[in-house]
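Next up is a structure, given as structure tokens.
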Amino acid sequence: MSERNPDDAGGRIESKRERESVAGTADAERETEPLLRIEDLWKSYGNEEVLRGVSLEVDRGDVEVLVGPSGSGKSTLLRCLNRLTEVDSGHVYLGETEVTGPDTDPNAIRQQIGMVFQDINLFTHLTARQNITLGLRKVRGQSKAEARRRADSELDRVGLLAQAGSYPAQLSGGQKQRVGIARALAMDPEVMLFDEPTSALDPELSNEVLEVMSQLVAEGMTMVVVTHEMRFARGGATGITFLDEGKVIEHGPPDQIFDDPERERTARFFQSIRHE
Amino acid sequence: MEFVPALAETAVTASTASDAVPLFTEPILSEETVAEYLGEDWAFVYRNREYLLWGTVVTIALTITSLLLGFLAGFPAGVIEAYGGGYSRAFVRKFGVLLRGTPILVIMIYTFYVLPIGIVLDPVQSALAGLDAVLGPIPVPDVGEAFMAATLALGFRSAAYQSQIFRGALQNVDEGQMEAARSIGMNRLEAIRHVIAPQALRRSVPGFQNEFTIVLKDTSIAFAIGLGELLKRSNDLFFQQTTAILEVIIFASLIYFVLTFSTNRTLDYVSNRFAIPGESS
Amino acid sequence: MSDSSPDGVRDRLGGSSRRIGPVLAVLAGVAFWGWLLTRWFNDWVLARVGVGPGAGENYLSPAPFEAAAETFEGTVATVGPVRLPMNWLATLFDGVALAIDIAPILADGAWNTIVLTGVSIVLGLFIAVPIAVLRVYGGPFRWIALAYTELIRGTPLLAQLFVLYYGLPLAVWINDLEMVGRGFVPEYAFWIAIIGFTINGSAYQTEYIRGALESVDEGQLTAARAIGMTRLEGIRHVVLPQTLRYGIPAWTNELVYLIKYSSLAGFITVPELYYRASRVASSTFEYTPIFTLLALVYLGLVLTATDAMGRLERRVAIPGLGQVGGRQQGTSKETRTDADETA
């Protein structure tokens, strides 16, 4: 699992627009097969049904934003995608591999699906750089020097190379979250999951995180994002999925969902947000 | 046994007189039945059950008197450490370090051999005799020198720890509580009495729970000064019948375990019962 | 010794005692450890090559102090009004003479106490870490760890030592080993005491580590798993390194506890501090000075342990997280000052 096609790494750095121009000439299978396929997911905690038959497809290079009221199942859905939460029934596919398959090693799959948390969860006892090298060394088995080089390049990418030796408690919230993103990126994921990455931050601090995310969008990273930042959703997303009570209510491009939703429930939700 | 502190044999055991009072009038099982099913050694334990159970009574009594003394001395000490002025606080702290830094065994030997126990013992004995005269015979074991020395040692050592529990709990009460109490016209002492202490006492239950079991287990160290508590009596027994050593100690350990376990569960219950709604303990 | 900690509460003590206190503490520490170290060096090295007073022999002769004591004892009767102060001086000189007399014995006992405590706490830690992990992350096997800790913590240490010493045929097995009791290898009772303290200490250490494990934020393990670590790798590389740091104050308590309770080994004839001192006391009947000296030696060991652990804690503290382990301001401050002040 940890051996990766070098083409993938190249493809990740290409910008989205470049990728679109290549599309069609590249192998046709990739075009027709979505990168991430979610089929009829069900999940309940005790009597409470959190996901009730969610299906969704995310193509390579797509940025899918999940919106919905709190308790609608967005975060649970994200956690099911990398099996931090096990589903009750349904399937998740990453390319050819079934993530939810009984023989699939969840640890291997999690390296291909990076995750950024609402509460950041940097390893408290490690510096920013060590936070990134830990996975590279212990999971990937890289050498110290190799891991360090990679960590520094990822820290540079999120603009924090100068803070490489700082401990989490010495960083601001925004800086911490950027290290969190760098930590996930260092594992060469095919998809990045963002679970409300800015909601624990002050508005001015969330901007620096959103900038890094926008930069990833421009680089063509496939992303699934749970967020309340409607500016990011409108500007960066290729698709918006509106969830409520564990079901997909509506899915479509941002302009349509924001300005001309088909369902009355969706319209009411965006109405309520705007009034806040 | 090679090692018994010098004067242990001559020490006054606490409840020799009480041994005459039977705990059970009718034995539930006959010794023969026990011997048949569990062997002669368990039958030996069973035959001496009253001797051991009176040891348990001494153990429990010693735990209670020590904890009471510990609370009476430890709570004020905790208040002084949290709110007291320079010298009183320094004194309490130094004394606490002394008590917490010395083995309970050494403290106990000290109170037994060095302190003039009689000064405290005589009034206590006459008070108990007075009670006896007023109420008729009361089921309190005779208080001997060893019991008094053990109570003083365990009690003051416990006070040194309890003061830390209460100091921590007092300091953990939000400073705003004191300000709020002062703002409605209470003085410092009233604020501690009516606002801070009630919150702090509730929060010190877990620490107190810990202290309770420590004192209960450490009563066994009164063995060193010859007090006839549970472990001393077990020890006497298994030197009578050396084949039954394991059986006797296991039986005694089981009693200790039942005692600590049930106190812990009871204090858990107390803790939940008096918890402030909405505040996790 | 513990006064050297830059503790806020301590600073508020104020007055001149704050300036003199640390100096006195350092002097006392130097004297205490100077005495112990030279004593051990003398007994094991110098005495063997025939230099110095020989193993277990006094540095100074107690004779002049005894003579002085006797002089004052003599003057008591003759000088009527100054009776009390003279008597007091006699007691003091007697005490000094006695201290000189038993110092080699105490130093030897202290060595046994330190070895007993040090070996037991380290062995106990190796047992405690897996048990604590089992207790927190063990799923259906948690009860095994729970039963172990509850049983050990629910019975007195002395009873456990009795079970090992009198109840089980351990003595026979250990005595069968060739090297026991020869040269530097101590007698079987010592090994039984180590087994007892290791088992007892491991149960308490399990509880401390469990508490620390549970206080590590759950998100830390989730994040470790999100980058592809297994649960065990996450525990090993992320949770435990934090746990062991946060566990230091509690671990200090355990160390202090073991130093003090190692005195119980005296009941199974291990020649540690208490045993050596009580032997002398029961033959000389000088209880007051001997047990006072004994208490001072224990106090020296305990205060050294707390001070050293405090230094270690500051040393490994995670930068930016406050002074030491300031993770949850309220409670950790409490545990820290507890540890600093010999809880």
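Letters A, B and C mark the chains in the order given here, with residues in each chain numbered from 1 onward.
Operating definition for what follows: a contact is a pair of C-beta atoms (placed from the backbone, for glycine too) under 8 Å apart; a residue touches a chain by one contact, two chains touch by 3 or more.
Just so you know, these numbers come straight off a predicted model, no measurement behind them.
Chain contact topology: the protein chains form an open path, each linked only to its neighbours in the line. For the interfaces B-C and A-C, the C-beta contact count is higher for B-C. Put simply, the chain nearest the middle, going by average C-alpha positions, is C. Once the centre of each chain is set as its mean CA position, subunit A and subunit B turn out to be 59 Å apart.
Here the CA centre of subunit B is 23 Å from the CA centre of subunit C.
Distance between subunit A and subunit C, defined via averaged C-alpha coordinates, is recorded as 52 Å. The touching residues of subunit C, counted against subunit A in their complex, run 217, 219-220, 222-230, 233, 237-238, 241-242, 245, 318-321, 327.
Chain contact summary for the complex, subunit A toward subunit C: residues 82, 84, 107-108, 110-111, 114-115, 117, 119-125, 134-135, 138-139, 166-171, 180, 183-184, 187. By the touch rule above, subunit C contacts subunit B in their complex via residues 2, 13-15, 17, 150-151, 153-160, 162-163, 166-168, 256, 260-261, 263-264, 266-269, 274-275, 278, 281-282, 285, 287-288, 291, 294-295, 298-299, 302-303, 330-331, 333-334, 337-338, 341-343.
Across the complex, subunit C is touched by residues 2-3, 5-7, 86, 89-90, 93, 96-98, 100-107, 109-110, 113-114, 161, 164, 168, 171-172, 213, 217-221, 223-224, 231, 234-235, 238, 245-246, 249-250, 252-253, 256-257, 260-261 of subunit B.
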